[in-house]
Structures are given as structure tokens and as C-alpha cells.
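Written out below as C-alpha cells is the structure these notes cover.
In order of appearance the chains are A, B and C, and numbering begins at 1 in each one.
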Amino acid sequence: MSITISNVSKSFSRYPALNGVGVEIQTGELIALLGPSGSGKTTLLRVIAGLEFPDNGGTVSFGDRDVTGLSAYKRRAGFVFQHYALFAHMSVFENIAFAFRVLPRRKRPPESAIRDRVATLLDAVQLTGYEKRLPTQLSGGQRQRVAFARALAIEPEVLLLDEPFGALDARVRKDLRRWLKEFHHRIRLTTIFVTHDQDEAFEVADRVVIIDKGVIQQSGTPNEVRKNPANDFVRDFLDLRQ
Amino acid sequence: MLQEKISHKKSRKQALPGFGLTLGFSLVYLCLVVLIPFSALFLKTASGGWPHFWETVTSPRVLASYRVSFGISLIAALVNGVFGVVAAWVLVRYRFPGRRILDAIVDLPFALPTAVAGIALTALYAPHEWLGKFLNPLGVQVAFTQLGIFVALTFIGLPFVVRTVQPVIQDLALEVEEASACLGANRWHTFRRVIFPALLPSILTGITLAYGRAVGEYGSVVFISGNLPFKTEITPLMIITKLEQYDTSGAAAIGFVMLAASFVILAASNGLQAWHNRRHGIS
Amino acid sequence: MAGSSTIQLRNSAPPLRATAESPVAKGILVGITLVFLGLFLFLPLVVVFQEAFSKGAGAFLRAFQDPYTHQAIWLTLLVAAIAVPLNTVFGLAAAWSLTRFRFRGRSFLVTLIDLPLWVSPVIGGLVYVLIFGAQGWLGPWLRENDIRIIFAVPGIVLATVFVTFPFVARGLIPLMEAQGIKEEEAALTLGANGWQIFRRVTLPKIKWGLLYGVILCNARAMGEFGAVSVVSGHIRGKTNTMPLQIEILYNEYHFAEAFAVASLLALLALITLFLKTYAEWRAERQLREASL
């Protein structure tokens, strides 16, 4: 599923978070939205997800479907939150099964099918056997993977990750980065992740979109950006000054 | 290209559902329960005409009731300010058997119906009962005097200071007190110069809240006060008296004055809380 | 805002020794506190129960056989049964709209919700008399259609609703603000509609805060005196609630009977305190766990 963002602006009580942003993402790409804090990258991700709506004029399209006014639950965009936002009072199983449980009755699969699907998803994130645990009983990395599995349960066409590894320590981060890249290679789902860590962006992503102060500074493959930084900001941010 | 008609609104504002429904319901409820009745108060006051308004709110008996309601409430609030801080300090900093129960009981004035408190206090201090029989021979009459009103209003306002100050004491960084001790200050000095200034905004807020509550209090006071005109009549009672005399615009007039006073106290409390928040770095 | 109608996060770590008062000072402070709280809180409570049984257990039980007292108890329960659910629905709606969305005028609404706590309960009754009373706006129309609001049960319900509507909202708003909306947003991306989000995600998170608010709302609804006194007309057997009945019995020098009824409300107060403390503790724990 390709994503097209055109002329998106968003202000929060006079604070301009995004300013006329436009980006095109091809099906199956793994994109990093890279920028310092306050650059607008999370806001852009949330606009794509349908958790924020752009101010008048901007559009968001999935494929050739205009989803700008569509509510989040109609967009089928899987979202993984920065601090996972797992349902604290539900077990791992129930967290992942949630997407099935809220389907309208006629679309809802029978209990046995739900169990199978959850088992498959847990296997994909290597957490088989953790069904009955509560989020408080999991480590940070484990919670992260449950959040992944939960987002994948809706069979999304697009996967959106908000600083997915930000709250983890260095070793776990490295492992999960590798895992994400390999996972994406297997599944080929259009994926966008937000980060402020340039090593992470350059190591994992097919293409990097650099954003600052609500404006896109540059977009290209890691090599392209390193070889030809578009402006001073990019040069400074990536520490490319000679 | 098909467009989804149902929820397709360009530049819709809120992502989570239910905004219109919940806000709409809340506003309707507030209008019916609060705004419309209170506008009736304003309009009734106005419709009575200025001369009647002025005459009512400045009649000697009503003026005396202001002295009682607003004056004694202030004293009660101040007393609560002093003893409430002590109680809050003891409950936070010390450990002793029964502390938890004592802590829970502080909220009793919130949970106990005012009429029950009223008759209990009267029974406690009436001339031949409980405490009254000790105090009376000493010449201290509590029931049916202003002293009794003071007791009732202190009861009513007690939790406000304690509960406002407790969390602040809890958040006091012990390091600051330790630093003060290391610099040579004894405990009293540390209290006076370090602890007390940190607590002051919350103490004042608590006193203001207690004051606001005491000014409007009715049930716990009317039994022990004896309701002697010019001596122990409280302003809410004046409103009821006017209603019983079918002088609704007079009742509305006094109600208006009380409401205005409440707003002033509320504004003072909000101002103090803002000061408190600024002091503690909360935005 | 202060006062015990909002939940506060409290930790209870014992203080270090390095900065403690001398034992003498401690003793004095504890002593002052015990005397102050004992005098103003414990004694009145003890008095209620003592006086209720002052003529013996038999007289205590007989007090409840009075048909007027029966009616009063029944009316109190009825009023609470109407006012508390209404205000709970309002509290949930208000808390949802005020904590899940940003809009202009939010803080004004929050202040408006606090209004009954600042205003004398007598005024709470007065405003309804001004609308529905004989000389009120709707007075003539009501009389024409033979509808009684003031000096009848509907008036009592209205006055009680006014006085108690902040409690559920105030129990929920700080809690829901502190909890944030990320879980609700996650549920939204997973395909849940509004009602599903509320039922499956929000409600389990807030259940202790909700209970806390409902308990306080109920205690105040059953015990309200000033506002109800204005609108009720004190008609024995018809428009007397328990607090009003207590007043009547007391003014007629039936002291033991008055205290007997009062002891029932005092018992309710103690149960309220107990439940409230428990609910508050559970809510704090839930809040702490969620932020791990």
C-alpha cells in the first residue's frame, strides 16, 4: 500500500507543528522519519494514522483512496506507541486478541480461530508461552514485541511505529533493530518509523525522511543523504561537516 | 473513486469518538441544573428593584448575620489553619498506632450529614450534657452562643486545611531540611525559614477553602446556634426566613450577596493555587 | 483542587532520622493533634451513638417503628437512587469530554462543575424555589397543570442533584487526566468504536475512581440538609428525608429517637469513609502500576 501525503499542515493552539508537508512512500518501503525533538515527526505519523487531522487543505492517501477525513479505525494502519500503550489490565493474549474482539459480530471469527491467530502472532514476535502474563510482568523489550503483535492483528496495510526502541537499553535496541529489518524483509509491509537516532534510521531504513521545524529537509536513501546533504541543517544534524 | 460518506468530514477536529455526545450531554445537564436556576436568582434579584434589594441586604438583622457568618467563619478557618497544619505534619511525618484510622477520620466532616453533626455538637455542649456540664460552671457557655457556632464551623472546615497541606508536606524534599541542619540551623529555625515558607501557599489555600465552606454552612450550625436574632443568626438562615415570609425577592437578594461573596473567595482561592503551582514549578 | 473529593497520589515512606524533632517536641505535637482531632471529630461521633442508646436498646428499636420515620428512610433511599445514577452518568460524560479532548472553555467548565461546593446549600434550594415555587417563573404554569415540584419529591430530587453532581466528576477528572489517552488511542487504531473503547479500555482503568466518586456522591445525597430543607416543605410522611426527620424529632424533644435515626446516618458515614479509603488506595495503586 503506497502512502501519499500532500500539503499537510497542523497547528496546536498557534504552535505550528507541521507546515505544508508532502511525501510519497512506495508500497513495501521501510521509511525512517528522522529529526530532533519538536520537529513534527510524531505529529506527521499521527496524522497518517488518523490520530490527528490536518488543518484545512492537506490530504493523506492510502493507494488511491483519500483517507484524510477517515477515522483511525477505518484506515487499517497498525500503530505501535512509544511507550507501547498496552492495556494494563489485560493479559498478553487479550491484548493481541483485542482487534478481533471488537470486530462487528458478523465479521468476528470464532474463539478457536482467534486463538490460532494470536498464537501465530506470538510466534512471529517470539513470545510463545507468554499468553497469560500481564504487561506489568514483562520486560521492556517483551512489551514492545507484544505491542507489535497487537498492531499486526488487524492485518494492516501500513505499519506505523513511534520511536519504537526509544525506551529500551542499548543492547535490546540493537537486537530489536535487527529484528525489525529482518521482519520487514519477510513481510514487505509498508512501514514508517519515527526516530531521533540517526544511526538507527540509517541502519534500518530503505529511505530516510529528515524533518525539522515542521518542514521536510531532505528525503533519500541513507547513501544519498550522506553523500549529498541538502542543506546546513542536514549537515549539522548528521554531523557531516568536514 | 468511491468516497465513504458516513464519517468522511474534512478537517474533523477530534480523533477519539464521543466528543459531541458527551460534551453535549454535559452542557445540557449543566444548563438545566446550574445555569438556568442561577439566572433565575439574578433575574429575581433584579426584578425586586434596587430599593428593596438595598433595604434587605443592609437591614440590621441581616447585617448582624453577616458578622456572624463571615466573621466567625474566618476565625474558625484560621484556627483550622493552625491546628490543621500540626495535624497534617503529625499524620505525614510520624508513625504511631492508630495513625491510619486517625487519618481516615479526618474526612468525617465530608461524610457525616450536617444535621447529624449539628445535633451531636449541640448535645455535646448543651448546659447539662457531656462537656457542657464541665464548661458551664466555669462560665463558658458554648451551646446557643457564638462560641458554639465557632465549634461547628471548625468541625466543618477541618479536613480542608489538613488535606491541602498533607501532600505538600509529603513532597518536601528532605535534603533541603538536611542542608539547613548541616548549615547549623536548629529544628525551629529550619521550620521557620525553610519548611513554613514552602507550606504557606497550601496553608492559605486550605484556609480559604475552609472559609468558603464555613460561610455557607447551614445544617451543622442551626442547632447549636440557637438562632437568636442579632446574636447567633447565620446568613443562610436569613434566606430561609425571607422565604417563609414569602419575600422571594428578598431571599434572592441575600442569596445574591452570598453568591458574590463566594465568588470572591473562589477567586482568591484560585489565585492562591496559581501562586502555589508557580512556587512548585507545576505549569 | 483540595478536599477529599479528589484522589491524591500519596506515598507513605517513613522519614529519615537526620532531621527529626526532639522527642519532647514530637510528643507535644502528637498530643495537640490527638486533642484537636479527638475533641472535634471523635467526640461528636461517640455522642451520636451514646445518645441513641441512652434510653436502652428497646427504645432504640422502637424509634424505627414510627411510620413517619419509615417514610423518611424510604424517601431518602428513593432520592439517592435517582440522584446518584443521574450524577454518575453526568460525571462520566463530563470527565470523558474534559479529559479526552482539547477545546476552548475547558477550564471554565471545570470551574462550573465545582460550583456547588462553594455555594451555600440553602442557595442550592433557593434557586429551584425561584423557578418552580409559587412565585417562581414556572409557578403559575405548574399550578395550572397541577404539577407539584416544590414541597414535593421532584423538588427534593432536583435540589439533591444540584448539591451532589460534582462528586463523581471530580473523582474521575484528575484520575483520567493522569492516566492519559494512549490506551484509548491504541484501541482506536485496533478498530474499536467509541462504546467499545469506553467499555473495554477506559472503564476498567477508572473503576476505583468511579467507585470513590459514587460513594461520596451517595453519602452527600443521603445526608443533604440545607438545600432539601428549603424545597421540601417539611410535610411529615410525604416530603421528609432522614435529615429533616431528625430535625423534627429533635425540635420536639424526642432526643433519643432523633439520635437513633442519626446513628443510622452516622454508621453510613463510617462505612463511606472505609469504602472511600479502600477505593482511593486501589485507584492509586492502579495509577502507579500503569505508569511503570
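Criterion: a residue touches a chain if its C-beta (ideal position, glycine included) is under 8 Å from a C-beta of that chain, and two chains touch if they have at least 3 such contacts.
Computed from a predicted structure; not experimentally measured.
Of the two chain pairs examined here, A-C and B-C, it is B-C that is joined by more C-beta pairs in contact.
Chain centroids computed from C-alpha atoms place C closest to the centre of all protein C-alpha atoms shown.
Each chain's centre was taken as the mean of its CA atoms, and the one lying most distant from subunit A is B.
Centres computed as Cα averages put subunit A at a distance of 50 Å from subunit B.
Centre-to-centre spacing of subunit A and subunit C amounts to 45 Å, using the average Cα coordinate of each chain. A separation of 15 Å divides the Cα centre of subunit B from that of subunit C. Counting partner chains per residue, subunit C shows two or more touched chains at residues 185, 188, 193. The set of subunit A residues that touch two or more partner chains comprises 50-51, 71-72. Residues of subunit B in contact with two or more other chains: 15, 17.
Contacts from subunit C toward subunit B in the complex involve residues 1-5, 8, 10-11, 14-16, 18-19, 21-22, 25-26, 29-30, 32-34, 36-37, 40-45, 47-48, 51, 89-90, 92-94, 96-98, 100-101, 103, 109, 111-113, 115-123, 126-131, 133, 135-137, 158, 161-162, 165, 181, 184-185, 188, 193-194, 197-198, 216, 219, 222-226, 229-230, 242-244, 246-247, 250, 255, 258-259, 262, 265-266, 269-270, 272-274, 276-277. Listed in rising order, the residues of subunit A touching subunit C in the complex are 13, 49-51, 71-73, 77-79, 81, 83, 85-89, 98-99, 101-103, 136, 150-151, 153-154. Within the complex, the subunit B residues that touch subunit C are 14-19, 21-23, 25-26, 29-30, 33-34, 36-38, 40-41, 44, 83, 86-87, 89-91, 93-96, 102, 104-121, 123-124, 130-131, 151, 154-155, 158-160, 163-164, 166-167, 170, 174, 177-178, 181, 187, 190, 205-206, 209, 212-213, 215-219, 223, 235-237, 239-240, 243, 246, 248, 251-252, 255, 258-259, 262-263, 265-266, 270, 273. Residues of subunit A that touch subunit B in their complex: 50-56, 64-66, 68-72, 74. For subunit B in complex with subunit A, the touching residues are 1, 3-4, 7-13, 15, 17.
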